[in-house]
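Residue numbering begins at 1 within each chain, and the chains themselves are lettered A, B, C, D, E and F in the order written.
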Amino acid sequence: MMEESNVAAAPLRYAGVATLLRRPLVSDPSGVDIALIGVPYDGATENRPGARHGPREIRNMSSLTRSVHHVTRVNPYELCNIADLGDVNFSNPFDLQQCFADITDFYSKICAAGAVPLSVGGDHSISLPILRAVAAEHPVGMVHIDAHTDMSDHEFGHKFTHGTPFRRAIEGGLLDPKRTIQIGIRGAQNSEESWQASEDAGIRVMYMEEFTSLGIKATLDEVRRVVGQGLTYISFDIDSLDPAFAPGTGTPEIGGLTPIEAQALIRGLAGLNLMGGDVVEVSPPFDPTGNTALVGATILYEIVCVLAASVAKAKG
Amino acid sequence: MMEESNVAAAPLRYAGVATLLRRPLVSDPSGVDIALIGVPYDGATENRPGARHGPREIRNMSSLTRSVHHVTRVNPYELCNIADLGDVNFSNPFDLQQCFADITDFYSKICAAGAVPLSVGGDHSISLPILRAVAAEHPVGMVHIDAHTDMSDHEFGHKFTHGTPFRRAIEGGLLDPKRTIQIGIRGAQNSEESWQASEDAGIRVMYMEEFTSLGIKATLDEVRRVVGQGLTYISFDIDSLDPAFAPGTGTPEIGGLTPIEAQALIRGLAGLNLMGGDVVEVSPPFDPTGNTALVGATILYEIVCVLAASVAKAKG
Amino acid sequence: MMEESNVAAAPLRYAGVATLLRRPLVSDPSGVDIALIGVPYDGATENRPGARHGPREIRNMSSLTRSVHHVTRVNPYELCNIADLGDVNFSNPFDLQQCFADITDFYSKICAAGAVPLSVGGDHSISLPILRAVAAEHPVGMVHIDAHTDMSDHEFGHKFTHGTPFRRAIEGGLLDPKRTIQIGIRGAQNSEESWQASEDAGIRVMYMEEFTSLGIKATLDEVRRVVGQGLTYISFDIDSLDPAFAPGTGTPEIGGLTPIEAQALIRGLAGLNLMGGDVVEVSPPFDPTGNTALVGATILYEIVCVLAASVAKAKG
Amino acid sequence: MMEESNVAAAPLRYAGVATLLRRPLVSDPSGVDIALIGVPYDGATENRPGARHGPREIRNMSSLTRSVHHVTRVNPYELCNIADLGDVNFSNPFDLQQCFADITDFYSKICAAGAVPLSVGGDHSISLPILRAVAAEHPVGMVHIDAHTDMSDHEFGHKFTHGTPFRRAIEGGLLDPKRTIQIGIRGAQNSEESWQASEDAGIRVMYMEEFTSLGIKATLDEVRRVVGQGLTYISFDIDSLDPAFAPGTGTPEIGGLTPIEAQALIRGLAGLNLMGGDVVEVSPPFDPTGNTALVGATILYEIVCVLAASVAKAKG
Amino acid sequence: MMEESNVAAAPLRYAGVATLLRRPLVSDPSGVDIALIGVPYDGATENRPGARHGPREIRNMSSLTRSVHHVTRVNPYELCNIADLGDVNFSNPFDLQQCFADITDFYSKICAAGAVPLSVGGDHSISLPILRAVAAEHPVGMVHIDAHTDMSDHEFGHKFTHGTPFRRAIEGGLLDPKRTIQIGIRGAQNSEESWQASEDAGIRVMYMEEFTSLGIKATLDEVRRVVGQGLTYISFDIDSLDPAFAPGTGTPEIGGLTPIEAQALIRGLAGLNLMGGDVVEVSPPFDPTGNTALVGATILYEIVCVLAASVAKAKG
Amino acid sequence: MMEESNVAAAPLRYAGVATLLRRPLVSDPSGVDIALIGVPYDGATENRPGARHGPREIRNMSSLTRSVHHVTRVNPYELCNIADLGDVNFSNPFDLQQCFADITDFYSKICAAGAVPLSVGGDHSISLPILRAVAAEHPVGMVHIDAHTDMSDHEFGHKFTHGTPFRRAIEGGLLDPKRTIQIGIRGAQNSEESWQASEDAGIRVMYMEEFTSLGIKATLDEVRRVVGQGLTYISFDIDSLDPAFAPGTGTPEIGGLTPIEAQALIRGLAGLNLMGGDVVEVSPPFDPTGNTALVGATILYEIVCVLAASVAKAKG
């Protein structure tokens, strides 16, 4: 019964229904170039939950985003048809495998329609079922910005948590570890396993200290060296940022990126062969100022800018 | 570009785009029996602003509302076609008279289409331009639940503030003071003018103390005696409640109604000839727990229940 | 490696390690009359999570509790040996059935040692595995104070959620519906099923409105009539209270009990044949003032007072 | 260097410098009938501190108060000359006895100038040095609204804490226990001593349960019976209220007064021979919504109304 | 009735009435060198309001400021007579043009008395009516630190908003664009207009990225090159800072200045021919920790330090 | 009655009783290499109190800490036996000298048992009585990271406040000023006394600006030059950090260290002859997001890493 209207175009930012990046809300991906999708799932979180509420709050804070980028002067909404496709609906939110299947199904349809998905979590476990759809045909490279490698074999004996998605993705042939770089890794662990697993797999792990030492430009050189011109996915965990900037997350680690650094990293991905991405682990119940969701929405906008350029180029 | 879909039907409460009472979002009022409308205006607030953000947060907290009433077993959504019509859009939010005109225009179209409007503010000034549309043909009666009479002649020399709407409405022949009752009035004033004006106009003013002393049943008897069977509007200011229940408002007055009392009052309006209503003065920036918006959404649901019965009966 | 000490006896309330009701922390239930136990599980919550953090915060707010009751002058800690047994540990927190088994195992050992358990949730699903241990031999009666009956057959097809525990408990012969009373029920539902199920099972359902109308004394008469002198469990969902008093919960419903009413209800259970209880659904991430956890800790203290009298009497 | 101006008369509530009840700020008590005074001391608090910040926040929230009472139509500012005398200044805030001496000195000067003091704490220990000044010549009666009797002999061996002021005041011949009533007493204690001490001294102790049972009218009859027509002091501890209404306090006890009850109690003191009062224990760091300070400011206004009538009558 | 006293000299920071930078509150500018003035106006805000409450909270947080600068060892209060002149009072806060006139009148009197004004907003629109007074005789240069150029021609057709003040100031001959530099500009816009307008006018626009790249020293060289030795105004919008440092503002843009950078920028203005300034857009309702107001108060102190040196030098 | 158990080993971070760095809680220091100790005292705070609640919240946030350091791969818990010894208990919390004596007694026993203490405050005054125990035999050197030198002679005539501990420690022969360095000093003062005192005593004072200018590596060179290989204490005041990272403290000063800088400083102390340390001034009532306590817990972990290496080396 939802009819045609231009919800997202309400000129007043505080008016109307909130959508991702103030884009029109559509249910049919036909003709959409970049599909913004919410994945409100946090059932794979091992400590502080709440990321299921992430898409809702990032929609709300999207009201503060606008269109023309102040550095590049790109207006992504002029380059591509970009819409909010709503959230993945879960038939049984208590059943992780069923939720993963629901996600993969949803994204398979998006991909089949020719749209490139850009997702809002949800905890980091959602990257796995998303990759099952978007990387179904061949493994992709990845720029992964996070405090954690998320390469554990299991947590509490459980194979599918927000600490394991990329281990599973590599095992499943969805992710090419040789074309993957992880930036911002830090924080103590109870064992070295999750770090060692990345190195064993051949992932380029850039700990926070190396990033700080290299600086943005050299880091981006390294990113380009690693991922090359193959298809590349961007996975941005909000806990890559220092928790002063993003307190609303499940596993905060002090000593992280600043927004300036995160924005510069993403802007520097222009020119890569990008085919999707996600912004995950925004947990509104731990975010009394709303700043985490604001950062999440703005990072989403930054990714849209580079993704739109890539998609527009691919479409010729 | 907003396409047909059933946004509001997302079974998971935290998923999807938030709409008023989880109703479908439509732009065309044709076929709609009750139109839920946001009016994000707070430019007539004389102290603490923020009510412009009320519709957005009441949409968010609407996720916690459901359909079948636990006392009456009424499902209003089975009685009537009820939809979220979005927010009034303001062509110049800085110009009060233009905003009022925009509101009246919007509501005139809703009324012309045969829909009964139920509004979410916004500050209390919005009731005036709404009444200009819905009571254009003859004055209506009103059940007004509030800490303040909102009957001042002016504030700081300004005739159109959130403290004056009903003075103006009576002057404009929109409101029949003899069929109006104000419940919950309390809190010191800098002069007796706003109280005296109600009494001079012939409004039945029930101060908080009289309400507490009479109790719900006798109060409802008095309501029915005053408003009778003529067309009646419900105006619910969230500051009628004690601020422990609703801190997020511009002019809190301690010693107010409890939600149980407010709910019982509204339920007791069943059988009246209701033709519209509003819930106003929810100011999210002053509402850190979100409880004010939750109360606002639930009161909106209670009003929908009695309004739907009235509308269904009127339609035969 | 935890050695003998008297942690809970630190005279300064803000000093030392926080334990439930400031009781000694022990790992061996031998000699304990009443075992206070945390059950940090919220994996069966269908909307807002966070109750897994409930035991931690109720330990913190326990610092504000003391020993001698101002009405009854009972000091429960003189009547019985009461200790904090810590939290149930989950071998795989992502596997609901395993968590339920872990709970039942933990409580079976407590019961085998002769201790009566009093629990702190966690979401309401935990009552089921607790009852599997404490009511293993014969069904018990229950005084259930809650906004919801928690008698749904399933949510999203899932049989074990925080909306279904008592349906399952009756099916499992753990709960005697004829000796069960539910008080404070309110709030709209999407169908009448969860209310009807209680009535079909023979449970005495006292909706909020009937409670308000009857008052405490008549309600307690009804409680005693229903549960009689058989073994009786107390299940207290914090959402029975109005969310102004307890905002930190997953499914708030306005129009609820006041703390005075809740305290009076529990005090009135003195003389029943009580054999255990729980306080559930305190969700700290939604509790910025901490008042919900304070209410939870104080209700826990009130239950301890009546439970200790019952246990002391049973022990002769 | 502070010059003559009419600071408190700024018509915009959010403008200008905040003063107690928006009264003029003066340093000379000559000609002042009622002196509003802040006492920012919390060095006698045994658990959660912060009441030292109470006067500042009650000044801020005073912006929401006004002049004409909605029930009595009294404008206290027309009956008496009422001013904000600023805060007691402490020469050494770390030395309790020196602070007490500073308070007594300050109030002695106020009294010598013929002004009646009405104070804003600070913790409850301040009532003792205030009484040393205002009751220097003969013991006074007291209406004491609080969750606690504050009649302990000591805390941790310390004789001067916020739990002992009235024990000391009686010992010092400042307070007539036979003309003292304590209302709202509740919450567990670690011994019965503080309750027993009140009863031993001959104070009329009305526990919360008796108050609830008697109701306002009978309680006020009892107040008048106890205090009679002698000089009477009002001491209002904000923790008398349920913490849903006043979370920002050091020793919250659930199950307390509502603001309606507190306001009715104070209004009912009209006609007594009132000679001063205080509002204490507002602790802003524990008050994220500010509601506690708002309640404190409004209670202060209610006391001013009855006190002004008493003072005006005494002055003839 | 406000009498002479030394309110601001209360040695305890939490005691007494709060004034700007703890300066004496005076109503007569005679003999005052630097006048601290609050301008509680936010009626020109197009999205999140609340800056009208800025002066009050910056007064409160001023309690944490002190006198001797740790780098320069300047005590501005020894260089100049600096006082809090209170807030501009608005005769009709709903009428923007009247408010602007009230501001200009207030400042004209301040200037006529020979005092240099340093203001606390309020939204950024207030800079225009302030400049109308302080730059009445000839256009001034400006160091403008902000995320936005505030050079739009209009918002929603409205010429006087917080996004347009400097466009109007240049049109009015109040501001010399050739002697104006804007630092920290960033964040997407819906069109390039507000950036282009600055460049078209000849303003030196330093985007955030250029600032980061140049560093403090080179930036200050550029500032001195642009503004030279003519009279220069400082306008500091709190949203120039990253919202982790200053969340309480209407239009936050991530990726902003740190306080260290902002402080260094202002300290580097020593030696310029400074004649006034403002700190604007602190919105307390969006500032739960109070850090934004603390930053605002400290920036105000930093400006006072360089301004006092300039004023003292001008006075010889 | 606290029995042997492995409380701290609960694998779920949110489960069980919270201890410092999740270490076992023991009452007997025998066999303990590093004793983690809470000192919940804030009676020497001259402005905003609340640090007495610091140990409790740092215990809670310790749940987010883990064992293996991501840079050094050190697991301090494998190098040494590290336990939570609980909090110092105060026999009379209102008597500063008695509290100091209680602290010194407690630490003397810890030292006598051969354990090295690492403390959690509490306000900074606690460093003095700790040094009286740990430096009883000969003065130690100190790395002091703080916004303030804490070298005042007195505050309000009081010799023992959180602004004076190191003045007293030098006078008492506990601290060797020539082997002391203070890093991060900033923020205005009301006189130069507290800075001058450090310089007069021969302390190496590194103001924030010098630190920023030198960078981490050169700063650490200077640290090593100053403290040499003598016994060295680490005192970390959380207000050394910018308040965006650590708002929950009594005397915030903007323009401070980032966590990355603080962590790098502490890591760089590896190789020094460390014999104890403290983390002080975390004030939870001013910390709505909890980030200050998280930073405090993580800094505690960083100190444990370098301290454990030093202790292990000393033990051979």
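In the analysis below, contacts are C-beta pairs under 8 Å (C-beta built on N, C-alpha and C of every residue); 3 or more make two chains touch, one makes a residue touch a chain.
The shown structure was predicted, so the numbers you read here are calculated from the model rather than taken from an experiment.
Peer 1: When you check each chain against subunit B and subunit F, which touch both of them?
Peer 2: A, C, D, E
Peer 1: Hey, which pair has more contacts between C-betas, A-F or B-E?
Peer 2: Result: the pair with more contacts is A-F.
Peer 1: With chain centres set to the mean of the C-alpha atoms, which chain is at the far end from subunit F?
Peer 2: The most remote chain is B.
Peer 1: Using mean Cα positions as chain centres, tell me which chain lies farthest from subunit C.
Peer 2: Here the answer is chain E, farthest from subunit C.
Peer 1: So how far apart, in whole Å, are subunit D and subunit F when each is placed at the average of its C-alpha atoms?
Peer 2: Centre-to-centre distance between subunit D and subunit F: 40 Å.
Peer 1: So the centre of each chain is just the mean of its C-alpha atoms; given that, what is the distance between subunit C and subunit E in Å?
Peer 2: 55
Peer 1: Give the residues of subunit E touching no fewer than two other chains, as numbers and ranges.
Peer 2: In subunit E, residues 11-12, 14, 46, 48, 52-53, 63, 90, 93, 156, 242, 244, 286, 288-289 touch at least two other chains, as defined above.
Peer 1: Go through the chains and record each pair that touches.
Peer 2: A-B, A-C, A-E, A-F, B-C, B-D, B-E, C-D, C-F, D-E, D-F, E-F
Peer 1: Using the touch definition from the top, list the residues of subunit E that touch subunit D in their complex.
Peer 2: 1-8, 10-12, 14-19, 24-28, 38, 40, 52-53, 55-56, 59-60, 63, 83-84, 86-90, 93, 288
Peer 1: Which of the residues in subunit C come into contact with subunit A in the complex?
Peer 2: Checking each residue of subunit C against subunit A gives 42-44, 46, 48-50, 52-53, 90-96, 155-158, 160-161, 285-286, 288.
Peer 1: Applying the document's contact rule, which stretches of subunit D touch subunit C when the two form their complex?
Peer 2: For this pair, the touching residues of subunit D are 46-48, 156, 185-192, 195, 207-209, 212, 242-244, 247, 251-255, 286-289.
Peer 1: Please output the residues of subunit C touching subunit D within their complex, sorted ascending.
Peer 2: Against subunit D, subunit C makes touches at 11-14, 63-71, 73, 242, 244-245, 258-260, 263, 288-291, 294-295, 298, 301.
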